[in-house]
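What follows is a pair of complexes built around chain A, which joins chain B in one and chain C in the other.
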Partner chain A sequence: MLLDTTLNIGTPEGVELKLPAAGLAPRSLAWLIDALIKYVTIFVVMIVLSLFGKVGGGLTMVILFIALWFYNVLFEVFNNGATPGKRALGLRVMNTNGTPVDWSGSLIRNLIRFVDVLPGCYAFGCMSVLLSKNFQRLGDLAAGTFVVHDPGKRPLPKPNDAQPVPLLLPLTLAEQHAIVSFGERASMLNRERSEELAAILSPVFADLDAERLRGHASWLAGSGRSA
Partner chain B sequence: MKQDAFERKYRPVWEKFEHWVSILSHDHRRLRVDRDLRLAIAPQFPALYRQVCHHLALARTRQYSVALQQRLNALALDGHRHLYQSRASLVGAFGQFLTSSLPSTFRKQWRFMLVSAAVFYLPAIAIAIAIAFKPELVFSLLEPAEVAQMESMYDPANSVLGRERESDTDVYMFGFYIYNNVSIGFQTYAGGLVFGLGSLFYLIFNGLVLGAVAMHLTLIGFSETFWPFVAGHSAFELTAIMIFGGVGLMIGYGGIAPGRKKRWHAIRDQATAGMPLVYGGALMLVVAAFIEAFWSSSTWPPLTVKYGVGLSLWVALALYFMLLGRNGPE
Partner chain C sequence: MDLNNVTVEMRPRSEWEAVDFGARMVRRDAAAIYRIWFAITLPLLLLSVAVVIFTPYGTLALFLYWWFEPLADGPILRIISRRLFGEDADVRSALRATPRLLLRNLIFLLPPYRFHMARSTAMPVTQLEGLRGDARRARAKVLNIRISNYGMGVTLAYHHLVLALYLGVFLIIFALIPTAYQDSLGMDWLNIPLQSSDRWAVLMSLCIFYVAQSALQPWFVGAGFGLYINCRTQLEAWDIEVAFRRLVQRRAAGVVAGLAIACLLPLAMLPDNAVAQGDVETPMPAREDSGFVGYWNDDDARSAVNAALANDALRQYQETEVWKPINAKDDEVNASRSSSNAFQNALIGIGKFFSYLIEFGLWILLAALLCLIFVTRGRWLPYIGFGLPKPQKTRRIVLSGGEVTAESLPADIPGEVARLWRANQTRDALSLLYRGSVFRAVAKYGVRLPESATEGLCLAAVTDQADSEQSDYFARVVKAWILCAYGFRNPDESTVLSMCTEWPKHFGGPQ
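Right, the complex of A and B next:
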């Protein structure tokens, strides 16, 4: 896959972990949600504290300060790298080595945000996200972090329970792979789409329908045989 | 081995692994689940994690289906995240930070601190001297309205000093100083990313304003109110701005002269190396805001006491940065 936004994280165990990098659009949306939360909260706090005169005014300033500079830091450190906006979009900040972001990393990336905002509307940040290999803004580059789509808990799809149908055609590993994947995804597709996908193979197989292809997939995956 | 057999054989291992990760991870730590259980699991966890990594590698080379690969990838990622996270305890780290890493980092980066101090104080001194000879120069730097505001703040006729004090507004001013001063500090720091230019700008600009205001108020005869007011918090506030500027310059230097590293790696390393100073600077500005709001504005202490406190804070800070953490670990 040449046009691929997947980040590869090398581990000491010798496998590469793969993560989908988050691009400009979901990150902007997450930012928008966070901004809404932040400013609504500040607004409410200001109204409440304005009842307490000058002392309330002072507290408002402190809270304003914390909200503007530390909202992201606190959430990223204590909430597995996700502010509420990021969580809503299934994003997460992590170090480029795949470990959870810590105080230093989060603080660097969020203080440098001040430069990302320049010269207006996050212009530097957006340019950096679009130009850098892993969609990092300047703060991310300085802190060694990136934002990824959190794969989260991904349950296995329903096992392919079709009756195995032997396939007596010599296929390469990649071809077998594609058919097995089809078998797994078939339960998530509607009938028309399944037929459409199966029809791609019609030049190779005579009278092939989705059901039959699922059977082949089941056979290729090896179900029905003893291990 | 066919995929189905593989899955059937190892599914229990994966489920066990998933369960262990959820027990060991943050979410459960807060709920205080069975401590003994966690202690029993922890030593066996790495072995199980390596097994899952092995399965992931197998699934890839044998080209098992995408769904299975993705699931194993997610499992391994969870394990990786858990196993290799940093686990510094915040309380212990804070003590170590105060007694050792802050002052020793300061000394280690003394070149940047020195340059930052020079860029901050030399313009201040220069403009002060210039204004001493040509007092109207202050208006080339500040708007007349700003000058008038400064004058009204430190007018000896006022009963309280500082920025617009009417009544007992110490808490309000505390909040204002934190918001205003720490933000300036952070901006001075962040500006360093642009090859140090932002830091230089903020340092020079703040230095100029500082020198101009100080000399102007002295010339018009407000020194009795101005100097005792700033004496108390000056040590923490000015040093903190200088530190933020210095760390900004560190980052800028990483961008200008990355040496044998990639440019962004050099910047990242410089930023990481300067982190104790950023924490320290923020802490110092909070202390300065506290002093400024609750001590500097008070008019009851005699002048000697106010100057004395100011001077001893300067000395204490200098000794702190020179002496502490000499023998401790980095």
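Right, the complex of A and C next:
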């Protein structure tokens, strides 16, 4: 079993989902951004409301309550599991079974945040993220949630425009993936490196060079086969 | 560096993912990493402690410790990188290599580099690639363009987290000070990280900072290394190299296994079958290895399944603990013994009376509620659909292309189909033929279709109701449409035109 950071979930359809768990560095930076947003907003609101005497004071307390306890919950439930800070870092909260986080999960993980904060500056949460299996803090462990990397839509790789060359050799799916991926990424590698990679396969394929391998990749990816 | 033995999943990751991946590598090899960390930093700590105790320059000791603390990064990095490629980097060899690494990384103790904002990503380039001078600088530039921003992010997070843990330890100890002493002792304690310059306070600060840093420093080194490895994986396609090497290995193994089968086959054909019943299991893995899975016969498969099911990993045993009521009679005896005096008995009697009242009171309330619901039925029955005129049932037909209505279809469907076909709009023609058939079939047989019914659902519904000849015709129409719609294959012209001429026989003339 090779080391990886993903949480693997098998669906009944036999599909394996690999969700990359997010750890201490991106999560603490996301927290920093959220804290900035939260406290700057509270500060501005308090200044404005302080002009309204006792009513303003009361409103301030209400807003403070909502901002401190529900900022994360509301964003997580209505914004696809991501507070603005998490969105900035490409993170989102999910249940450990791969479903989107719901009210109960989000409420539990954010109520237990106050245990993570103990003894005053997130020391417990920090140690929990360092030590737990899927980088979960205590609130995550209680709610059955974790934070995943979700960088959104990635740009598609440049299509492989090589002339397709048929490849008549039984290959496993992973091997086909590797060859197709070579075709897509060959343009980003330098010439020597792509020749070197192609040379690795020379015991298996007769007279192979990088250009021909790109052709095979193009064929494996499906171009050049008539309907 | 031998990519054949790589012990981690190689794939191009996003940068933050790479940071977390580095942390995961550190956690796997934590035992070795922490041994080397303590081996190097404990002497440094002791030295600093000695400076605090024996000289008047207490704050200088803090500075001294902080300045030389990157010395441990090099050996940690060495262990992580060795373990990545499956080499066994034990602590002794790491210690032996330490002086050389310290010398090489001395650059990071020079004033301009000590404040390097992305030290964790700069160090692997210097240490692992073994370049010096201009070559090192040029190489670092190539990599830094890609990862130094993230390296700075890691540094930012690292410094904040060390601070958080440092204060955290202070606060935990504060919480453990008894309340009686918290006013005097507690305030002194909390002042340590803020301003105190007493000797014992500096000592405390130093030790607690060391604890906080011990938790995070290896993680910091690992995060930078993760970024570095990921950058090289992307630039040099290491993941592809690993996959290619495995392919070559598999092919080589396949050839060997194939030869083995070729040698063993004559033996297996011996009349007493002695060898075949032995431990000759090579054919199965060989078949799998050559990429041709799927030639298992039934017996092979059954025995393999049974063997797999016999495995203990598939059985689940669970031990649960439940509360069971102990003997009820004993309970009553206990109760009467304990409530011996009369006043208590009276109280229990009153309590029982109220409990009966409440118990039956709830039943009475329920009965009253049911009566109320029954009596007021005249008011609410209409709302749930009784006693109101039933809505007219209109059979809407919604296929995936949209709703099919009488207005959307031409009066003479087969004629229009034939015209479209001749005008070379074959897709439109077959679509019209299909939609028309569904529409007429629904009208004729009263078939019910769910919204957005697929072709298969329509066919099944019509086949249920229509006689064999008609359903056969309908099946041909559906098949022609499916082939055209999803397979981009057109039927022969004669087939289509014959379907057009047959149409009136099944669905009547123009409407």
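Everything that follows uses one rule, which is that the second predicted complex is superposed on the first by the 163 of 227 C-alpha atoms of A that agree within 3 Å, B and C clash if a C-alpha of one lies under 4 Å from a C-alpha of the other, contacts with A are read in each partner's own complex, and residues count from 1 in each chain.
Definition applied: contacts are C-beta pairs under 8 Å (C-beta built on N, C-alpha and C of every residue); 3 or more make two chains touch, one makes a residue touch a chain.
In this text the structure is predicted, and so the values were computed from the model without any measurement.
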Touching partner for A:Leu130 - first (chain B), second (chain C), both, neither: second
Chain B versus chain C as contact partner of A:Pro151, first or second or both or neither: both
Touching partner for A:Gly120 - first (chain B), second (chain C), both, neither: second
Touched partner set for A:Arg185, first chain B, second chain C, both or neither: both
Partner chain(s) touched by A:Leu24 [first = chain B, second = chain C, both, neither]: second
Partner chain in contact with A:Val55 - chain B first, chain C second, else both or neither: first
Chain C versus chain B, contacts on chain A by residue: B
First (chain B), second (chain C), both or neither touched by A:Ala174: both
Touching partner for A:Pro166 - first (chain B), second (chain C), both, neither: neither
Intersection of chain A interface sets (partners chain B, chain C): 151, 174, 177, 181, 185, 227
Interface residues, chain C side, partner chain A - complex: 6-9, 13-14, 16-17, 19-21, 23-25, 27-28, 153-154, 156-158, 160-161, 163-165, 167-169, 171-172, 174-175, 215-216, 219, 223, 234-237, 239-241, 243-248, 250-252, 290-292, 488
Residue ranges of chain B in contact with chain A within the complex: 1-5, 7-9, 18, 26, 49-50, 53-54, 56-57, 60, 63-68, 70-71, 73-74, 76-77, 80-81, 84-86, 88, 167-176, 178-179, 182-183, 186-187, 189-191, 193-194, 198, 251, 264, 267-268, 271-272, 275, 278-279
Parts of chain A lying in touch with chain B, wherever the complex brings them together: 9, 11, 13-15, 17-19, 54-55, 57-62, 64-65, 68-69, 80, 94, 97-100, 102, 104, 107-108, 111-115, 138, 141-144, 151-157, 173-174, 176-177, 180-181, 183-185, 220-223, 225-227
Of chain A, residues touching chain C in the complex: 2-6, 20-26, 28-29, 32, 89-91, 119-124, 126-127, 130-131, 135, 149, 151, 170-172, 174-175, 177-178, 181-182, 185, 188-189, 193, 197, 200-201, 203-204, 227
